[in-house]
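Can you read through this structure? Questions will come right after.
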């Protein structure tokens, strides 16, 4: 009897302790995004004692030594590179997703899926090294064919490398979206005398539109925060890019390149943490937008 | 009518090309990496740390980065696992009757997944300075663990979510409490799926550069304790690729080959396990 | 009267599974033919083969012939869309196209090349009246079709199918997602429509078959066990399997 009771108490205690640990873990995870956001904000808000927000965002001058912290060139570079990446990746991903889910035979998808997974799993730095070896020279000779002499390290090179990186990511989402559209919708449309392509163009794409918007949002959010690969090929010159063959200096690259020296100059660390905070906000905005539309899409199915 | 056919055929060709592009790019990347890296991959390269400074020394190899990466990623995966597995189980078993909250938590976790690693890096760096810590293997491990935490939780969560409704009830009716059902029955039931989730996180951990550049430092030496700075493969590539010295550059290429091979092995393994899960 | 559809030696394999086994049957014109049988007997597959929707999946092997009029639609050189246009399809639950009520009905006409707005408007009204939906939706023609009730959606889908002017209506358990009143509306509509159309309907509800079928096909494990005028089969089944099914022994 005694042993039974002890055993019971032992089990009960173990249960309570484990549950406590589980709950604690959950609380940590739930708090993490808020702690990160709050931490970056607290660290960066010192700078607002001397500059106002719009001044920092809108100013083009980045001279930390003379106290000038204009973030505009970096934000603009990031926007340009992200835009190029999404303009290249989205159509390719759409075409491929439609091909894989409607036209191609089932075994094609079975073979392509591992490829997508491998591409999605390759580290950023591998894309970066490939960019340096292959994309940068290609961009250089492309520019030369337009009569422009540049190094090739440019926002176009960044955009291309980034496009390849987010392609498997967007493609995976789109494949799931197209798969979730019931086959009967295709059947009834075909029965009305439509061709396969008309069915895709007029019905499937329309039905999938919220999903496509969502994939785009998530793709932008992924692209915006991508760091190493873009940094390796974008050139990193502080000026406003005037053309796609010109170098750019994306926001994440600013963080990586300057974190070492930031402690020695007043307000420098605040400016950099502000850059990180802005990066976080932009990424979260597109991410939440994308997730929200995808939840709505699933409900409409 | 004619135009219809032309349009359809045009798009069919484009769609086919788009799919081919995926395979094509992968092959191009692998060729670029292996062509440059394989010739540099000697025994000395794999077993020696760099000599005379990683940026100038012509001698030595990348053993520091290989071991550093392994220590760092295994450490991070272990740390993340200790939190991720209990949380994923808790969400699906203990919170079974709070579906609304589970939804909100999943949404939050997906959002967390979307935060780029550089933001984790910057945040961790800030905390390190605040605490007066130096860049070290430990700091790197903690940062990467935080970064892979949402990835691991959500992939484990998806696996556990797929367990048939009845298993929990069956376990409970045998007299086990929820916690026992979670760790004794569900973990066993989901083991292959959980391994896949761990492998996925391991791949992320080993490939990340942006979070560790702030926190793990970089060192020519192989770390002997967690308070020392450590090199990693991604950073070995990043720091040495732009060197004008051929031997140093070769170290970057060799690191790229090693890193790619590790990632390919991890992804093959996880494919194997997820296939096994399907055949269950 | 000549049969509308003649099926000869039709065999169908999916993934090497023999789904339809040597089907031979004539489907009478301007009658309501009902295909019944236990689930998994191949009745839906047979229906979709008539429309060549089987083209959608790979690993399907079909042999035999299906004549609509004089044309073997399995081996024709004519454009497949022209063949499908002869047959309207009503699915198990309504699948409104992701567009307005008006455009749902006008869709088939538009892709058929009809662009004149006045004619389109007239046609849409005509077919919506045909399914008794006009009065309910005339004030909101340009709202998304997904806002209609399920019963209204199914009638809309019928109007949409009729608008391409088919000769045949294929219906795959068209009332299985509907409430009793909407079900009745569809059944009544079918009884009227068979004057002008040949209707082939799949159902698993025996009551429905008893009430509306003119001609009955009973399938089991991919084979046609028995077919003939509905009353004959229902009152006087010749085959043991049909008897058992009608008594509810397996379903």
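Read from first to last, the chains carry the letters A, B and C; within each, the first residue is number 1.
In this text, contacts are C-beta pairs under 8 Å (C-beta built on N, C-alpha and C of every residue); 3 or more make two chains touch, one makes a residue touch a chain.
Predicted model only: the values in this text are computed from it and were never measured.
Participant: Closest chain to the protein's overall Cα mean, using per-chain Cα means, please.
Facilitator: Closest chain centre to the overall C-alpha centroid: A.
Participant: If you count the C-beta pairs in contact for each pair of chains, which pair comes out on top?
Facilitator: Chains joined by the most C-beta contact pairs: A-B.
Participant: From chain A, which chain is the farthest off, judged by mean CA positions?
Facilitator: Between chain A and the rest, the longest centre separation is with C.
Participant: Taking the mean of the CA coordinates per chain, how far is chain A from chain C in Å?
Facilitator: 47
Participant: What whole-Å value do you get for the distance between chain B and chain C if each is reduced to the mean of its CA atoms?
Facilitator: 52
Participant: Taking the mean of the C-alpha atoms as each chain's centre, how many Å separate chain A from chain B?
Facilitator: 16
Participant: If you look at chain A, which of its residues touch at least two other chains?
Facilitator: Those would be 195, 198.
Participant: For chain B, which residues are shared contacts with two or more other chains?
Facilitator: There are none in chain B.
Participant: Among the residues of chain C, pick out those that touch two or more other chains and give their numbers.
Facilitator: none
Participant: Residues of chain B touching chain A in their complex?
Facilitator: 4, 7-8, 11-12, 14-19, 21-23, 25-26, 28-29, 32-33, 36, 83-84, 86-87, 89-91, 94, 105, 107-112, 114-123, 125-127, 129, 146, 149-150, 153, 177-180, 183, 200, 203, 206-210, 213-214, 234, 237-238, 241, 252-253, 256, 259-260, 263-264, 266-267, 271
Participant: Residues of chain A touching chain C in their complex?
Facilitator: These residues of chain A touch chain C: 105-106, 182-195, 198, 202-203, 206-207, 209, 300.
Participant: Which part of chain A faces chain B closely enough to touch in the complex?
Facilitator: By the definition above, chain A touches chain B via 11, 14-15, 18-19, 21-23, 25-26, 28-30, 32-33, 36, 39-40, 43, 91-93, 95-96, 98-100, 103-104, 108, 112, 114-119, 121-130, 132-134, 164, 167-168, 171, 195-198, 218, 221-222, 224-228, 232, 252, 255-256, 259, 263, 272-273, 276, 279-280, 283-284, 287-288, 291, 295.
Participant: Which residues of chain C touch chain A once you look at their complex with the stated criterion?
Facilitator: The contact residues of chain C facing chain A are 48, 51, 53, 56, 58-59, 81-82, 84-85, 87-89, 91-93, 95, 97-99, 107-108, 111-112, 146, 157, 160-161, 164, 170.
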